[in-house]
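What follows is chain A paired twice: with chain B in the first complex and chain C in the second.
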Partner chain A sequence: MRILQIDKKDWSAGLEKSRKDYTLIGPVKEGNNVSKFKELAAGEEPDFSITTTTMSPKSVVFPQSEVMFTFTTDSASADCNIMKVPEKSYSPRAVIGIRPFDAVAMKIVKMNFDTPDYQDPYWCDAYAACTFIGLAITDPEACDFSTSTGTGPFDTSGLDVLLVDAGDYYLAEVVTDKGDSWIQSASFDQEADAESVEILHSMRKEAKKKIESTVEFANIDKKETLDLYNEKYWDSISFPCLNCGTCTYVCPTCWCFDIQDEMAHKNGRRMKNWDSCMFPNFTIHTTGHNPRNTKLMRVRQRFMHKLKYHQSKYNMGIMCVGCGRCVTSCPVNIDIREVCKQMNS
Partner chain B sequence: MINPYLPYPIRIDDIIVESEDRSLKTFKFVFLDPKDEEKFSYQAGQFAEISIPGQGEIPIGLASSPVEKGFIAFTINRAGKVTSHLHNMKVGDILGVRGPLGNPYPWDTMKGKNLLFIGGGFAFTTLRSSVVYLLHPDNRDKYGAIDVVYGSRSPGMLLYLDELKAWEARDDINMHITVDGTDDPDWKYNVGFVPPVAEEKAPKSEGDTYAIVCGPPIMIKFTLPVLEKLGYDHDHIILSLENRMKCGIGMCGRCGIGEQLVCKDGPVFTLAEVNNTPKEF
Partner chain C sequence: MHTYIDKIREIASRLLKEEAVEMVIGYQEGTLPMISPPMSVRSAEDVEKLTWSSHCCINLANYLTDIKGKVAVFAKGCDCRSIVNHIAEGKVKREDVVIIGVPCNGMMERRTISNIFGDEIEEVVEEADGTVIVRGKGREEKYQKSDLLRQCCRVCVHKNPVLYDELVADPVAIPEDIQRYKEVEKIEAREIDKRWKFFENLISTCIRCYACRDACPTCYCPTCFVDEAQPQWVGKGDDEPDVMTFHILRAFHTAGRCTDCGACVSACPMGINMRAFTKKLEKDCLDLWDWEAGLTSDMRPALETFTPSDPEDNFK
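Presenting the complex of A and B:
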């Protein structure tokens, strides 16, 4: 599809224009050096200075807490104990400045929530409402190992538009019709000249080269599940782990969730909340028996799921895009690249 | 898009106390909307999420049988928050159900074969569903000999006692009822744990018999070697697994054992399949 050139002085006006058709969502800095994706208030712009947000943009389609149903337990009500689907808006939302690996992560999570047998309507409707206006990574962070997980700094496979910051202007590679609709809504219409297209290609090569961190996982697929499961190294890998769950919360591909009922007097709501395989409560039975009752088992579960089970179930690669968030956020420096190396060796 | 988390509204139609210690009750439910009953078309071995607003949801195997129409039934042990609340509900109360969920026992694969059911304690529910299905005139001819080994701690803890006695009197099913112990001088069935009774009474496999085993972990642990001794291959031993569940549709992630999700890929697995997993259940 076409490639456009957007002068940076026209950027804000275009963004504002697109608000008539889209809710805008983008990366912003919050307190305590935490950055995340959120709805942009009028006049607020996505902060393109952040390369990897602290929290991944998975919350755009998979909020940390979401109301699934509301209900009343008041026996005087005709609807007592009947679940009601709350009104939700799935009007178009443009996710501006999502990084290519995070958009690929959305596609991985889609395998879980949009299946031939069941579709999670909350996730699927939110995902369908999104137009992903990605921002290429020209200056990768040290922990970025996305080129070896099947994506990369300029990967368009999860995106509708790829923006590339080329100094005074953005180059916008329109990937899908959905992306084209946003471009038109923002009234960006200057076709890029041949020279600019050349710049885009060379920047892509340049960015890929800058990523030095890699993982290899081809051998993991060949190994037997139980052989990997019974390896001795899980003891040393899990030793420092605090089971804090940070890795699972910052991860763009961790999709596990809990369902909880919350009550205020007789009014209730059924919630879908992020959960984590790092927590003992995740698997404990009513009897008190816990099939993953040790830290080692929980740490092993996370890495086996990401690097082995997912591949053997779907044959679509590993469940990791190489964003590096878990590496930078881990309080005890557990590094998935090192774990992958041991599993692959 | 169908919302797979939205329960069908149901009403408690009947409550039967099943055990002498009152820890087990069978709840018969009817759908508020008869159309929901059609949508809830199930096979023996499947489970459902029973949904009590304000309390939560619990995955429970269906104790009623597909050949029984107009209601669904579950036998429920009072154990945690939701089941304790349910035990205190009364006929007429409204709640919800989601399902049917998971895979049934492999009825097509087992056609023409002999079947051995081994059950212990209150894990007999989906086995009851299976036997009622098999004894129905439409189905009985499709399968070979049926043997049932079922045991509990005491006569008063056996589920569905009237039905067990009725099956005992039939000639198209071989019942081997047992209790761990009893002081009832009139007890005319077996006394002993399930594994030794199975060893003594259950048929040998000879390749044409499937064993379906449901019971507490300790019973399963000692029953599997007995089945091996009787010649059952690991792909002819069928288990129904349990793990903590929430969604029941393969999405929330917690019931995984390796790459298999107990809710969606199971809960029915052959022993051969289970042996290939990390057995985290």
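Presenting the complex of A and C:
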């Protein structure tokens, strides 16, 4: 595919132009220096100064709370007890400034919501509506270990376009036809010269070299599940854990949700809310029995799922892209890199 | 290296060698700068892993709830008051816990330092004179610890442990000019609708991960009201009224029990200062009933008891 050169002084105009065909979504700062992806209001631009947003962009496709159906239990209504899908817009949305590892995370989450047997229509429709205009990571953060999880700072595998900040201009590597459509909508049309293409390649190499944090997990796959399960180290790993949902909520690959009916008088709605394997409620049965009733069991489950079960089931590596969010956000510094090291040793 | 560390290891080692306790709960070095996470040590050989720093923000009383066997715990002034509260509420028996008091000069949060420094931080070094050197990529800044302290530590008047079996060091001095409720008074002074707006803004980034609740020693309900399914008191999604209900009810449930340890704020991944709720309740308990949480285990907390002399102005 082609590589374009976008002068930074033309960036805003192109972005605005593309609004006629796309809803724009991008990283923004809010509150006490936290950041997330949200729909950009007219004139609002994605904040490219943020490398890793506090919250991952998974919410663009998989919102924390989503109405699946509305219903009424009013017997006087013709629609009594009929589940209705609320009207939703799946018009094209361009996710501007998504980082390469987060786009790869979308593909991992896809394995759960879009299978040959079952497709979650809410997730699939939202994903199909997205064009991912990625932004390469030229200055990786200390907790970024994405190169060892099979992705990296310039990885295009989850993207439609990869933007590279080259100083006065962006280089835009067009990866898919979908990406090309957005580029055309924004009227970016200056082909990059050979020298700029060379710059892109050398920046890619430089960025990869800057990532010093790594994980190794080849041995985990070879080990017996029960041997890992019965390891003594789960005790010390889980001790500080508060069993809050932070790691799972900031994680771009955690896909678990809970379905809840909310009623007000006779009107109700069926919600799909994020859930977390760290919560005791996650596995409680209607009998009151909870098969994962201790902190140790819940912590072990999270790491076994990420680093062992996922690989055993799909044979496509670990369920982690190395963004480092859980490492930096965990209130008690439970570090997946350290856990991975112990499991792999 | 903090001057307390050798003493901390010496005490832990002695207690484990003498088999006075089965486990010592303290802090370990983190994998990132500016965080010292909790840990437990069961063998004298492992006491070298214990540490102390100005980043011991998590309240260790939280790890004592319903614990079995005899344990020792390192406790700052606020942690200590939470332990007293635990004893008063029957969550821990005094004879089961060896309290090693740690006089405290205040803790610093990662988020505050990061916000002030701006760039990613690689190293933080604290000098004995209170200078804090912060290093990032190709940059170094010097600050005074007093400017980086957590808000709760700035207004703390209980820096020294109130109940202990031994102390790690001599008690620290408590400044006399601390204005404990300045931040509350500022909120109180707002018009009622602006006050509501303030709290709406405060929680607007909440993701309901419950880190605040889970880091809080007083939040030990076997099933928190937000987790109840029958009846379901509150929606579990991200609707603002549900999020607000969680925060307000949680705050009221800690009234007269909260020791303003600040663990909730330190734990919050979104940097929400939920102390804006709890500090007001602390002030009310002091104003109305002359009650401060965790100073004695002989009395029930303010909202759990009454006397005929209680003021009734608040019943309207």
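Keep this in mind: the second predicted complex is superposed on the first by the 345 of 345 C-alpha atoms of A that agree within 3 Å, B and C clash if a C-alpha of one lies under 4 Å from a C-alpha of the other, contacts with A are read in each partner's own complex, and residues count from 1 in each chain.
Following the convention adopted for this analysis, a residue touches a chain if its C-beta (ideal position, glycine included) is under 8 Å from a C-beta of that chain, and two chains touch if they have at least 3 such contacts.
Remember, predicted model here, so these are calculated numbers, not experimental data.
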Partner chain(s) touched by A:S236 [first = chain B, second = chain C, both, neither]: second
First (chain B), second (chain C), both or neither touched by A:G31: second
Touched partner set for A:N273, first chain B, second chain C, both or neither: second
Which of chain B and chain C A:Y90 touches, first, second, both or neither: neither
Partner chain in contact with A:S329 - chain B first, chain C second, else both or neither: second
Chain B versus chain C as contact partner of A:M55, first or second or both or neither: second
Contacts of A:F71 with chain B and chain C, given as first, second, both or neither: first
Which superposed partner A:C256 touches (first chain B, second chain C, both, neither): first
Touching both chain C and chain B, counted on chain A across the two superposed complexes: 258, 260
For the chain C and chain A complex, residues of the former touching the latter: 30-32, 35, 37-40, 58, 62-63, 111, 114-115, 120, 122, 204-205, 207-211, 213-215, 227, 229, 232, 235-239, 266-273
In the complex with chain C, residue positions of chain A that touch it: 30-34, 54-55, 64-65, 141-143, 236, 239-240, 242-246, 249-250, 258, 260, 262, 271, 273, 276, 279-281, 327-329, 331-335, 337-338
Chain A-facing residues of chain B, complex: 1-7, 9, 51-57, 79-80, 83, 93-96, 242-244, 246-247, 249-254, 256-259, 264, 276-278, 280-281
Residue ranges of chain A touching chain B (in the complex, touch as defined): 68-69, 71, 73, 80-83, 85, 112-113, 115, 117-121, 124-125, 225-226, 229, 255-261, 263, 268, 270, 275, 277, 282-287, 291-292, 297, 301, 304-305, 308-310, 312-313
